[in-house]
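Next come two complexes built around chain A: one with chain B, the other with chain C.
Then we have the complex of A and B:
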């Protein structure tokens, strides 16, 4: 059996290499793993204020959370909003196809940058602008819709429980479609042109090529966008928090309260760190499970190998 | 023998007060660490200028300089934190162990030294104050003083004389009721008969923030809804949502919301200040002196009447005025090693004339009699509204942990109120549904406590 112990000589030889990684390891241990383990510990305790006494209560915080209809609603909101947020994939794909069809020219570069721009604008200013765009009375979107129906449209894109999820999805798609477009475009351009040429000789039209060549070749791209989109969607907080007026309670009958917003209210507004830590652990397990299922279903990692 | 024992016991009881009074040695070198938010973070060390009114506000260094004239041996070190996540910033700083006075810390009762013994020791000082931060912590069946406000901001009503006049409605006096207010709001909602512009009867306050609950609070106070019955612990307390009074309050809120501008109902881009473009007959909010300075700077001070909100019609506070306080307070950290000097500093800030003048210059209403004299000089007749509210304030009044509202002890009770009120004001729920949703969320949390 091979001896795994380092000899003094080997250690001396590798000391430079170890000195490079020791900073990262210590940083990881202190700033990532220690807080993570502390969160697990807090989630099993009743804690009003950290450092002012902890009372071990086992899984009571978890039981409490699952007994709260507001928490269950927050889970369901998060899931629904994550799925709705996946609209960025087809929208990004559509933009990518259109931009790709222009051909490799300066114009393509212009549109590529143009559609990616929302990604590099500060989120907060975008969210504040969208609060005006989505206002029910006199908002730009409603004014625009009024032109089509010939009468005043009043839809509470951020205030009416029936429409609020669509309202924040519009903002999410606007912000993220550019990124999706860029990833789609690079995948599109990686498909060998020979296949299209061969299909043309066989008499395939544009739609046939899209369905039979483009989409199957984009599978790994869609899988990547799907998995990262779901992970980002499950961790949604800032955009909804700001767009609903810095309100962690979610606005519109609570239809916009995500899990992170629920956790936030028990961390910063009516502090109960045991409950918020339990919420964080539930979110962690939730994201982990969903990612594993996604990876399995899409075969994402298999394709990468 | 018995008498001697009584005298001995009494002396023993007074000993701590005597000892603590003796601990303030004017030659002792002390550093008092202040941490938190309040107006210290707003004005900063060197002061600032209000962009709307053009009024310059002094920084906290001026206040400290005045303190050092009296107590050169006590150095004051101020560290402020921004309003974003101020609660966690304060908690972290206090845990660090180097905080003596928490600026605006009375909400964080677990960190606060109870100040009742200090006030009992100093009745002359206590008599000068209009209010103290009476909170329920530890044994919830009674209140304890967790901090002292040095700025006190009662909500009052601001009436637009022009809109009243155009609709031929008389300006009410301070004895008005909520029903009368609703009636006026209905009359003043519509197309202004003189200008032809759309006007609104009322603006519910802070519909764009969590402070929307203040609207409920004022009405609940007026009709003594009192759904909370306190026990010693949150688990032993009960909350009753079934009263007709509560339903009536929610119906009144619904009626008021129907007289609000659409953006106010939606809580989007709400203008809180009084401006020349004002289109609303009745508004209410805190910051009366600040509002006065702004309308004075805009030259429209004659257009508005300031009056107290309607009277409380039921309960032990009957005859006083519905209100809600904004405040800036100071609390003593319970792990401070300089509690007596910290108390001395709080007394200085709240009642020493130069400090009171500093408070008023920053735009806040000082929490003492001298402050009211200054306010009268500064605001003239318009000072009467906040002064009336303060003078008729119910004994032991506390905004945040009382029978009508508690944002400390019952978890989702306060947070779900915000959600249902926003829906009620926007019009996507009925009073009955709003109360049911509020009850449901609260019951679930209370079940966890038990």
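Then we have the complex of A and C:
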């Protein structure tokens, strides 16, 4: 056993070190860990008005949620929308390959900055603009399609249950493809060039190189974008909420209501904190699982302190 | 060689056309915002306003108090960014350079927070602030900034790479860890400071759900919520004024982007964080 008592010097060292981190630790305890425990507790209770009687009811809230067709629909909506949102990966990859192929120049810098622009624009402005772009009558997208089809196209991109998911996916991809492009591009540029040179000597053409060298080398980039894309997709709220006119029900016959919108509805519109907490727990479990996969893939926690 | 050059031209042209398609909605919105004929129905497509006028902007100025929202958002964003970056650096420094009991535990304690999405503690957090009677103020928007977990992670790995020898002269002069932090670490960490600050500014500027939940007075509200509430209002059925508001509220971040474009693009690529 080593001497467990601290020398005066060590004590001072510890106090100084803790003076750097104590505020952040307390913040996380009070604003993350404690509320998270509260979520678990609330989800197991029937809560009328918080503070005035909570009654332990076990998993009743969860059972209630899963018996509600609206909640099950919200889960499936969220998963479908998240998967559709993954379109940003191939689109971003395509942009990155094209931008990379013009070589390192001023022009490449211009495209990098230009294609990233949609991601930087204040979200709410984008949603306001796309509400008009996706209008069924006179909207930019329908006008554009009419040109190709040769007759007037009237698709309710945000109102018609059959098309609304595509409508919000267009907005999502428009906003996020630039981000995907940046991540793809930096990983493309990390592939050693001599592999390509060797392939050229062996007589490989551009398509061969793309399929046999580039794509296999992008695996970790794709999986990173896949996981983070799914995590962002699961917590999707703001864009759909605003674009459907601050409506937690989601519009378009409920095809756009995500889990978080459902939680919002039962927290702030018709409060039932027990139910909304159970919903939050379900969201948490989904995200936790995906994050653990992500940690495993990226080795985030691996490096030693 | 000639083929290669032709391919280069072709790719460039394709990239230009796609770029134009991407920004087309924005250009159209700007054109509509200056068009007097964009009222309750949309005029036919044109990038030049049919009836150019500033009417939409004047109308918007009467309908929504944008300067107030801008001011609120600028204040909160500035305060939050300063707090978040400072505390991220402090924690990053402690985890990178100092020895203390429980270091590994607290590091994992912080990083584990990344697995808890903010949304899953929205409800209890809201109720907590309600018990503290702090709703409808900026305090709930600010307190969380005292722990910036992603920032801590990046600051730690950056500060680890600063050689210890630089700090030794301060220790020899009898200086404390805080002296080292303030006079050596902060000045040498400016690249990471600017990266984190950029990410913080963008995310604060776009914050929506949390301000929507905690702030109920219109004149205390942030820009995103203010504009979205305006958008769902009945008198926003006129397209022109609505798009004028959209254009105005997009300007500040676009201006920042145009000035800091290279920094921003690099920050995002390095950190992998979108907002």
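Basically, the second predicted complex is superposed on the first by the 278 of 305 C-alpha atoms of A that agree within 3 Å, B and C clash if a C-alpha of one lies under 4 Å from a C-alpha of the other, contacts with A are read in each partner's own complex, and residues count from 1 in each chain.
Simple rule for what comes next: contacts are C-beta pairs under 8 Å (C-beta built on N, C-alpha and C of every residue); 3 or more make two chains touch, one makes a residue touch a chain.
All values reported here derive from a predicted model rather than from experimental measurement.
Colleague: In the overlay, answer first, second, both or neither for which of chain B and chain C A:252 touches.
Modeller: After superposition on chain A, A:252 lies in contact with chain B alone.
Colleague: Quick check on the superposed pair: does A:136 touch chain B, chain C, both, or neither? Answer first, second, both or neither.
Modeller: first
Colleague: When the two structures are overlaid on chain A, which partner does A:192 contact: first (chain B), second (chain C), both, or neither?
Modeller: After superposition on chain A, A:192 lies in contact with neither partner.
Colleague: So, A:268: does it touch chain B (first), chain C (second), both, or neither?
Modeller: In the superposed model, A:268 contacts both chain B and chain C.
Colleague: Tell me the contact category for A:292 with respect to chain B and chain C: first, second, both or neither.
Modeller: second
Colleague: Who wins on chain A residues touched, chain B or chain C?
Modeller: Counting residues of chain A touched by each partner, the higher count goes to C.
Colleague: Pick one for A:156: touches chain B only (first), chain C only (second), both, or neither.
Modeller: first
Colleague: Looking at A:70, would you say it contacts chain B, chain C, both, or neither? Reply first, second, both or neither.
Modeller: After superposition on chain A, A:70 lies in contact with chain B alone.
Colleague: Where on chain A do the contacts with chain B and the contacts with chain C coincide?
Modeller: On chain A, the residues that contact chain B in one structure and chain C in the other are 50-51, 131-132, 135, 137-138, 245-247, 267-268.
Colleague: List the residues on chain C that touch chain A in their complex, please.
Modeller: For chain C paired with chain A, touching residues are 7-8, 11-12, 14-15, 18-19, 22-26, 28-29, 32, 41-45, 87, 90-91, 93-95, 98-101, 103-104, 106-111, 113-128, 131, 143-144, 146-149, 152-153, 157, 176-178, 181, 202, 205-206, 208-209, 213, 223-224, 227-229, 231-232, 239, 242-243, 245-247, 249-250, 252-254, 257, 261-262, 264-265, 268-269, 272, 274.
Colleague: Note which residues of chain A are touching chain C in the complex, please.
Modeller: Touch list, chain A to chain C: 13-14, 16-21, 23-28, 31-32, 34-36, 38-39, 42, 50-51, 95, 98-99, 101-103, 107, 109, 111-133, 135, 137-140, 143, 174, 176, 179, 182-183, 185-186, 224, 228, 231-232, 234-235, 237-238, 241-242, 245-247, 260, 263-264, 267-268, 273, 276-277, 280-281, 283-284, 287-288, 291-292, 295, 300-301, 303, 305.
Colleague: Spell out the residues on chain A that touch chain B in their complex, using ranges where they run on.
Modeller: Contact set of chain A toward chain B: 48-52, 60, 63-64, 67-70, 131-132, 135-138, 154, 156, 158-161, 245-254, 265-272.
Colleague: Quick one: in the complex, what on chain B touches chain A?
Modeller: 85, 87-88, 91, 95, 108, 110-111, 208-210, 262-263, 266-269, 407-408, 411-412, 414-416, 418-419, 422-423, 426, 428-429, 437, 440-441, 444-445, 447-448
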